[in-house]
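Take a look at the structures below.
What follows is chain A paired twice: with chain B in the first complex and chain C in the second.
The block that comes next holds the complex of A and B.
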């Protein structure tokens, strides 16, 4: 089915203008169809909480800065920046001549207005907590913005590589009001065309993009196909050109399929069993440690994830510079687990219930843990819930143990501080250790990467010692592409940045 | 007839009122806080509280219900919490997909069941009857999502005859639209086909034993006339009953079929709304489906009186 459409597009190009080919071989034109695991929820980045939305935003919106494959911060709407006053002041020099898709100008005033919008309590923006350290945003001149923080916060630029750094058109927000969520206007390489809920969302090339050589594609069509098997079938039959999210079991088949290529790198994710540190039996450190030593992370990786990804012994995945690669005290040790049980006053084991999401990989993972814990005499009951209910129980601390993952943030702070700091916003296990708080605060304020790494190694070791979470796995970040799609740079945040992507002429 | 229909319609009003109450109660009894689902886990308590105020979720349930019902009676089902789209508009946008799917599934199931039911009754205990019995057992026992996956595997992946997913609207291309409908229609219609086959078979067997059939045969009418004209119409009454009763189930199963095949229908609108606790959408869709169900049952009653003049609408 794909071939006639593709040939049609290519034929049109040949006859109308002739294929525009650059020196490095990129071809201009064509449509790419991306199969998504879920439909988008809103096109307003300042209101979005769904991961899937970010996939579209990365092509629709410009951000102040972006990350590269090595987690380096690179310019986007901000051409350069300076960090002053020991990390308290950030001065951004903005790119000049940038236009929004509606023709309005991108200026320092607009940047300030965007920050004010996110910080406005009336909007109830999820971005508000992400940019909580921002004290003041000041327009220096038309192309310079100065952001002052309340305290040094080294992850700040990294936060701006995601939704908090995305600039929306003030003119469009004022025009559409509440309906802006369905009429988005950004400065990105593609502009919004239409969104038929649960069917497709279409973006078209923005001819006024500040980098005139980009993008190469004419059009992107996002298609939500929630069922993993059906999405994979759509990929294999050429209904879609790119597949976002593949079930671990299908990866081998994708590799074997002619015409497809699989790109696999380390993601930012971690999966863990959250142990409620305030209620028995996990209010006793030795009991938590017993769980830590009883689980076999290598088996989980091999069986549940078909060898993809990596075992997890802390909040930092292998993609991050902060990961402590020398650490080995995470391997299974049944004798030690039993000794820890005895130390915690439960030599004969105990029984508890773990709450989890009713999803195949999550269930399999819990079943394996269940069998492994049985060997030390611990009886774990599995209670499967729908996601909304699971989240509600997590947030209200209504659990003894609960299995859930974290999609991760490019800066290690975002993977650790909120979970391990006693005042962390996602510390639902109510873990508290003053030493840990100190390490995390220090790492957050420190700007030198070498020094930060040393601090995060200590964080990892202390977290393994206190074992407030039983970390299990770091997921792999996998994308499946049709062979004719070229030019994609795979970054651990998993975002499909399409401006450099092109379709090879056949 | 018209006054009777009017009376029946009036009688549905208290029923729908009850439905609205139950729907509202169920939706609000769902565990899970919409504010947290919308604002994310990291939202601070103040932001969460503001969100609840903005949506009126902080008010007493009775007040929320009264406000919602008041607006619904004026035809305003509210707006989606996420996209701000009016709920009625969202439903109407998706209705053609679901209606087309229902009609196609119904057509598929009757096209399979009626000939199969007749033949297996007329040729009882033959090879054909055995095949139809096996089909009925397997077809009814097989879960829809599993059948769908198998159909996708065979017809989309192996044979490459049909698209594995997606939807082409009727105005865009009629043949493409029909192609995109084939697998979903079989997935949704097979269980009903199985049920109707069995029902029609037993209905036919019973009718074929009746005196008037023997009389017709004695008059020297051809088998085609006896079966097709005298027996079938009477046996169809039980089929209409079954189909009428199963409409609700069919409607429910559109949720699974639409999700599996990525069709933008009403069922998928509802399931997405349930998972994201988009209250107004869930309430609107269920109320809408309830109205549809009541109306379709009314239609079945009208069909009865056509098929059997002894049955009158009371």
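The block that comes next holds the complex of A and C.
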């Protein structure tokens, strides 16, 4: 007797809970599983130093502004802004009625508190140097904030599209203290649920998101799968829906696989061998130049990267307006490399050790460089380390040469100033040239793009002349996702912004 | 039983063992490869050719080429040298350290025995590969460090084996006789006890060589052993791991080389053990 009733209830449930489509055709609901190349390190954006963390933050946190596919600055928590006093003052009009996941309000007061938190020396925030030009943050009214800079700093808005612009809940920081990093509260489209180290991190839809039509998904699960081959296998067998970071050699297979989509655009990355400018033999400019001319970037692009990406002759990738596309002095020239060796007082070559990450693509690339240097009589020994040790050696200047990459920033300043300025925070090679400092400082103070470009062309040429780094390659930004994943907008910064993404159910 | 010497009997026993003969043949092939590597290898094992990357096996490259265009056949042949070094060096380390320790523990006994055996047990309580990993992580990723680490890992096995042998041998009348005739302890140990421990040592060494080859491959696979571009079977496998589908020849040949060499030393060890086992003598 009960069965017909139950069936009726079930039918009603199916009718009610069946895929709900929005007017524009997106489907609400579902879980998306993302395969990551590493586990997250912290959920506090003001303390994070790992690129992988930003992938989660972009869904968990709201930030003052964001970038679009053309590097244009678009509103997020700040609905509009005005730049006054020749670039010294930024006035942000905030979006009203925005709530944090814990129910607290997002206000001008909170923005000021966030800036103060990042600038507090006690927190030792990596953001502190990014927003170093900030002199004062003033609350004008509940929805207006005025930021004053010590000097014009044209990358400022661009800096706020990353972690420095992410707003954390004051109530949550005060409640959890040191444990905030594992109990994050933002204003993003998804709220934090749980993080099981080295296994998964889960976010759920935030029903109080300021844009009531978003997000479409119910849940995001991030899974760290460090091994490229294993991650790709998980993608092919449907254990994950989106894959972050694919090995260059697997791209063709991914394209050929039914049910997978591959998107390839120019990234913000550069890869380079860092040459320690303060210790022999690379304290001699001619010797660094010998390396510059001895490496064959075209071969590296073809063999290691399967033709993806582009050869690198400086810190600016092809995705940036700052790249000097007329520059040609990066091609291999063995005779010139040998002449430079002689000029540097080492006509018979020399021997040195390069430190690198024990990761297949890097090992392959280093062995190619090794073979190319051998042709000019330079014996490069390869010392492979795990990533943590490599970073530690880089940061403590414990290297003669070290191969590592930079994930890049939307503004060219973020790809060059920290590495090439004598006071740059990541200038681990201890390169110093007053002319370079002047150019970089001028470029960040200039607001006219045409003039900035002219300055960055000079930066590129001077960096090639001084050769503090042997730039090798700009990676392609490649994402792989399953056919049923819709609505993903691929931007050069490679961030997986999931608020507009939905899953097609069949 | 005829009047043949013990050695002759052992040799005859060994020749009768199929297992031992196969093992000896494999080991002989391996030793031949290491000795004649520069003559046998068709190419320089580190020479790259960026125009033929990941080429499948062909007449010009019988085993194909790797991810930066090196000839795999030449690398497998030269890789045998790293494996031989690994086997011999580690067994030498284990013998140099483990033999005196085992002799002292077994012969002197008492507190010396306690001290040595407890130390040995501490080392034994670590999983082999983890201990080797730890040692190379501290000393730095170099082949010689990896080999030293494997050698240290073997020390307990040799020390315990010798100690056991010594304990059995020293109860024999000929030891008592030698002591009674006024021989010093050192003379007794070296001339009377040690020779009677050789047989199990040979067997243990043979097995250890094969285990050392495997461990070197494992450490190199993890990036802690041989450093590029030196050809080592472990490193070749490590590279091959990413190309199992695209270019299976990258892993197949070094894998086969490891398999045959390890099998060879194991069978050889079995053969020697059978030949020297008095209970099997006719």
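Going forward, the second predicted complex is superposed on the first by the 488 of 506 C-alpha atoms of A that agree within 3 Å, B and C clash if a C-alpha of one lies under 4 Å from a C-alpha of the other, contacts with A are read in each partner's own complex, and residues count from 1 in each chain.
Here is the rule we go by: a residue touches a chain if its C-beta (ideal position, glycine included) is under 8 Å from a C-beta of that chain, and two chains touch if they have at least 3 such contacts.
Keep in mind that what you see is a predicted model, and the values were worked out from it rather than measured.
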Which of chain B and chain C A:360 touches, first, second, both or neither: second
First, second, both or neither for A:381, with chain B first and chain C second: second
Partner chain in contact with A:368 - chain B first, chain C second, else both or neither: second
Which of chain B and chain C A:447 touches, first, second, both or neither: neither
Partner chain(s) touched by A:237 [first = chain B, second = chain C, both, neither]: first
Contacts of A:229 with chain B and chain C, given as first, second, both or neither: both
Partner chain in contact with A:129 - chain B first, chain C second, else both or neither: first
Chain C-contacting residues of chain A that also contact chain B: 229
Complex contact set, residues of chain B against chain A: 30-33, 36-44, 46-48, 50-51, 54, 82-85, 90, 93-94, 149, 152-153, 156-157, 160, 163-167, 259-265, 268-269, 272, 275-277
Complex interface listing, chain C residues touching chain A: 46-48, 50, 53, 67-69, 140-141, 223, 227-229, 239, 241-246
Residue numbers on chain A that touch chain B, as the complex places them: 1, 39, 41-42, 49, 121-122, 124-126, 128-130, 178-179, 181-182, 196-199, 223-227, 229-231, 233-234, 236-237, 239, 386-389, 391-395, 418, 425-426
Touching residues on chain A, where the partner in the complex is chain C: 228-229, 247, 249, 253, 299, 302-303, 358, 360, 363-364, 366-368, 370-371, 381-385
